[in-house]
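Supplied in structure tokens, the structure appears directly below.
Chain IDs A, B, C, D and E follow the sequence of writing; residue 1 opens each chain.
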Amino acid sequence: STVDLTAQEAGGDLLSRIRDRGEVNIGIANEAPYGFVDRSGRITGEAPELARIVFQRLGVERMNPRITDFGALIPALQVGVFDVIAAGMFVTPARCKQVLFSDPEYQAPEALMVPKGNPKGLKTLDDIVANKDVRVGLLTGSANISYATALGLMDRAVIFDSVFSGLDGILANRADAFSLTAISLRDALSKRSDAPLELTPAFVPVIGGKRQLGCGAFGFRRDQRTFRDAFTVELNRMRASGELLSTVRPFGFTEAEMTTLTATELCTDTSS
Amino acid sequence: MLGKDLKLMSQSATEAALTSRKDGQFIHFDKVSKRFGDNVVLDDLSFAVGAGERVTLIGPSGSGKTTILRMLMTLMEPDTGTVRVGDDYLFHEERGGKLVPASEAHVRKVRQRITMVFQSFNLFPNMRVLRNVTEAPVHVLGLSKEEAEERALGLLEMVGLDHKIDSYPSQLSGGQQQRVAIARALAMRPDVLLLDEVTSALDPELAAGVLDVLRDVAKTTDVTMLCVTHAMKFARDISHRVLMFCEGKIIEAAPPEQMFDSPDHERTRSFLQSVLNES
Amino acid sequence: MTWDWGYAWETLPQLLDGLGVTVLATLAGTAIALVLGLVFTVMRRSSARWISIPTEIFVEFIRSTPLLVQLFVLFFVLPEAGIQLSAFMTGVIGLGLHYATYTSEVYRSGIEGVPAGQWEAAKALNLPTRRVWTSVILPQAVPPSIPALGNYAIAMFKETPQLTVITVMELLSVARQLGAENYRYLEPVTIIGVLFLLLSLPTAWLVRRMERRLVPAPRPV
Amino acid sequence: MSPQLFAYLLEGLLTTLQLTVGAAVLGLVFSFAAGIATCSPNIVVRGVGRCYIELFRGISALVLLFWFVFALPYAGWQLEPMWAGILALALNIGAYGAEVVRGGIVAVPVAQIEAAVALNFTRSQRMRLVVLPQAIARMLPPFGNLLIELLKGTSVAYIVLIPDLTFAGQIVRNATGDSASVFTALLILYAVLAVIFTTIVRLVERRVAKSLGRQPTPGFFARIKGVKA
Amino acid sequence: MLGKDLKLMSQSATEAALTSRKDGQFIHFDKVSKRFGDNVVLDDLSFAVGAGERVTLIGPSGSGKTTILRMLMTLMEPDTGTVRVGDDYLFHEERGGKLVPASEAHVRKVRQRITMVFQSFNLFPNMRVLRNVTEAPVHVLGLSKEEAEERALGLLEMVGLDHKIDSYPSQLSGGQQQRVAIARALAMRPDVLLLDEVTSALDPELAAGVLDVLRDVAKTTDVTMLCVTHAMKFARDISHRVLMFCEGKIIEAAPPEQMFDSPDHERTRSFLQSVLNES
């Protein structure tokens, strides 16, 4: 059961091996609506659904999803536990040093989940910075952690290991606000509509004068450029034909979430 | 040396004998049975012991001798039958003319008159010799520490161990430990003293010392003694009466001279022969 | 990927902070486990069956379910019942409660290790029940239990990483966070392993020395 | 709950069982190897045994798991998470088991060894014929406890991609949003598994105790029935 | 019944006596000393035992009797001095004319001639009676299972336990266990049999049975016996010689009649008196 990693690092073409195998391993973080297990027990989400179509077009019929902690996605990809991250992972320059990204399939503004009535009157991350009493909930390994670090919020951060832990955490008064993408939070809340919680209107965080627009994409190992490129080509075809939007629409995505930014721009553009 | 301490003992034994109900006896076993699984250990046994009487129990292994003593010490309950000490039932109380199982308080009250010395001494290893002897008088009889120590010193002197009061039991030889155990038991000024093969874990030479102490106790006090032993010479010296047990029954009871010199029963004869034979 | 000393050095202060939390949680948890365990033991031996049986079932249940899941429950469900404790307190109570079921077993076997003759002698002297416990049984039962209790303290130390699921930033959470931020797990995780060893080895050594003092040296086989 | 989600739980349950049994078997091998080694007259063998015990008792299974799954691949070989899990748990539990083995051996009365010397058995015959058969009877109850430890210990595996019962619970929790009932179900499932394992161990204990003509110590059920001396 | 099995024993004992170096003796203790901390247990002790001789060791507790037997059994090493069995040193080997510490193999070879029965029987609780007796002949002497079982059955019949071969030791009484232990020892066909207070953990009646078995062994074989016992009558019956130990020295050695009836030494007299007194 040992796998020789060095063979792959020597530049072997993973895509052709996947084609031979007829099966691709994708990593998801069990985070709705990106990649998750739904009520009926099926693995779905915008990223796995897109990946399914793209891989079919690349000649790979079967898809084998492996669920892991969000924070462990990149290390697990690097050691070969799976071939692609299909978790709607945000493209950040730091992450670009570790993995190759496809062009993003969506952009997502942020929101805060707060107790019903928003007793502390929080609207954006800046409000949290201003009010020193607020404890902010973050998802382990998410991009929000680097925002919070940059904003000096870490000493009041409560780090949850899943979206639902965050939701339960607000209910249990473990934190005053849970910061994540609006789309994740909306989805989580929809499953617990009875919970006395609400979402703030979506916002785009600004750090060091730069807008932090979260764009989710698929991740590949650094030595798999050909693979990544082949994947990106198919993805962009879907984007052009509108098929991308129609595929992700059931998961709560709209035109507002569509983007034409590229991985290259996102990897070099911002810095935090 | 002895008189001083032991005169004080058992003021209540005679008293108890007076208050005893009908037959002038102090301890009554009445139709007592006890079994473990299929093993009938005591078989509908009845006997009585007078106040101040010294009785030796003999008999082959497993015949129920220890069981009798343990039952009197309430370490074991009878299946059926009653045990009476003085006026009180040991495992029962009379309530509205009926016998009901005794409360803990009742058992503790009756048990107060009785104490036991064990084959394996059972000194408290975490206490020094002196505290082994004073612990119960202080916490059970409510003596002050000074009173208890005075009493303990007297008794330890009697058993020849007043120079060891600051030792731990583990620093004493078996014979010394057993003598402390005797002092500890006597410190409670019991009416009844139970002795279960108190020398059989000891070397013959050490055993001799312990038996000497017990001879003294027997001769200078009027404590009621029930004693299981294989030391036949000792039994002859001190006991008023010898009971021969066999399979949970008393098959013969007689004064020691008669029992040892001309036993009635064949089983007694063979038992005594094998015990006296090897030495 | 090779070992990066610079990165290792950089992460060390944060890891040491995490270690502080871990050690504090272990100490507090041990204190709870020591006391609560004794309480459980005495309750389990109670002659009142309405005390002893529920205690026995409770202890057995806690003992046979994972600490991890218990932490989840304490952290997310207790507040719904109106009991609001900090994450750290929740973790300490979870650890203490869980390990109390172990220490209770240790105390129990310590008590059972006291020879029957001691109970009988205490009874023959008619000592009151409380006195039997305080002067005869416990003084003999507790010292031989100390090494086993010490071992559980070490075990608890190594269980603290589970507090990560209830947002306590102990050693492993810090390492995971660092790993997720920098995408390098090798250094923080290795440092944790070494830190664990540095703390647990001397403790284990101490426990064994105690054990040797209490149990006279064995012999060649 | 949908059948699929139920299937996750079932699969998690099986994974947990697989981890537990696999690590128990492998751990048993480590336990005996290291435990017997610590009783060896040879100082090197003894040293190796002791080092193993101290090292792997000192490092938590979780850290080992992380290492095996995320660090070891850089040293050139990669374990399936499942195997990494079994190995890490086994190394850890084996170190504890080794102490149990040693304790069992040391607890065999010296007199037994002397009797074996008087019959002129060799050192290894003494160990094999006299000491171990008696020691094993003493080891079983603590081994039973370790097995439960191990069962519970497997719940950390989810952190490194092994879809065990706790992991399955997390999935169901995320899918349904119902934290309280998922946690309750998990607690009950683990408790049931523990009871099953305990029962098996007690059956073995009873057999072994009988083969020594001994009374086994009363178990949980006997205890709550309140048989007291 | 006895003859059959025991004739076979100790073919080599006489042989051994012949090969013995100078004085026709078989076992030699030569200037043996042993101390534990400050406690001098054996004090420059020398004595010899002839092949086939039966010697009883008596003396007060702690005088070193057990130490002698345990040393012969190699359960304990002397601090100084040598022990010889037949031609071989027990703890030393001669190499190039010099005595060097013995190898494990050498010790095993010499030890093969000796075996011991213990006060607390020490049967293997994990083996049934039959296997307790056959285990060593099979694994040490290399007998086949059938041979070993035949031999064991003969011996178990001799000790009156052939109906118990499938019991576990824990299912036997102490006396029965000790008789199995004797059979187990004899199954090794030793030249030397060591017996350390083999009846003192037993009730007098059970002890009698064990001593009877040993009387048989003594009378029907020529095994060399070293025996520590307080059963003076037994000692008188079987021994050729009695050694009185005191503080790690032999203070008196004589045939039993002389030793018991008219001891020379004051210490012997007082010891014998206390042992004979209580029974």
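Following the convention adopted for this analysis, contacts are C-beta pairs under 8 Å (C-beta built on N, C-alpha and C of every residue); 3 or more make two chains touch, one makes a residue touch a chain.
In UniProt terms, the chains line up like this: B, E = Ectoine/hydroxyectoine ABC transporter ATP-binding protein EhuA; C = Ectoine/hydroxyectoine ABC transporter permease subunit EhuD; D = Ectoine/hydroxyectoine ABC transporter permease subunit EhuC.
No experiment lies behind these values; they were computed from the predicted model shown.
By label order, what chains touch subunit C and subunit D together?
Touching subunit C as well as subunit D, we find A.
Mind listing the chains that sit against subunit A and also against subunit D?
C
Looking only at C-beta pair counts, which chain-chain interface has the most contacts?
Greatest count of contact pairs is found between chains C-D.
Measuring between Cα centroids, what's the chain most distant from subunit B?
Chain centre farthest from subunit B's centre: A.
Starting from the Cα centroid of subunit C, hunt down the chain whose centroid lies farthest away.
Comparing chain centres, E lies farthest from subunit C.
Averaging over Cα atoms per chain, report the distance between subunit A and subunit C in Å.
38
Can you work out the whole-Å distance between the CA centroids of subunit B and subunit D?
Once rounded, the distance between the two centres reads 50 Å.
Using the average of all C-alpha atoms in each chain as its centre, how far is it in Å between subunit A and subunit E?
So the centroids are 83 Å from each other.
Quick check on subunit D: which residues sit in contact with 2+ other chains?
If we look for residues of subunit D contacting two or more partner chains, we find 70, 74, 123, 179.
What positions in subunit E touch 2 or more of the other chains?
Not one residue of subunit E touches more than one other chain, so the list is empty.
Which subunit C residues sit where two or more other chains touch them?
Within subunit C, the residues that touch at least two other chains are 1, 76, 80, 179, 185.
Mind giving me all the chain pairs that touch?
In this structure, the chains touch in these pairs: A-C, A-D, B-C, B-E, C-D, D-E.
What does subunit D use to touch subunit E in their complex?
The touching residues are 109, 111-112, 114-123, 125, 129-130, 133-134, 137, 211-214.
Which of the residues in subunit E end up touching subunit B in this complex?
So the residues of subunit E touching subunit B come out as 60-61, 173, 199, 203-208, 211, 230-234, 271, 274-279.
Touching subunit C in the complex: which residues of subunit A?
Answer in residue numbers: 70-72, 74-75, 78, 94-95, 97-98, 140-141, 145-146, 149, 158-161, 165, 168-169, 171-174.
Looking at the complex, which residues from subunit A come into contact with subunit D?
Those residues of subunit A that touch subunit D are 1-6, 30-32, 36-42, 66-69, 72, 75-76, 78-81, 162-164, 167-168, 188, 191-192.
Any idea which subunit C residues touch subunit D in the complex?
1-2, 45, 47, 49, 52-53, 56-57, 60-61, 63-70, 72-73, 76-77, 80, 105, 116, 119, 154, 158-159, 161-162, 172, 175, 179, 185-186, 189-190, 192-193, 196-197, 200-201, 204, 218-221
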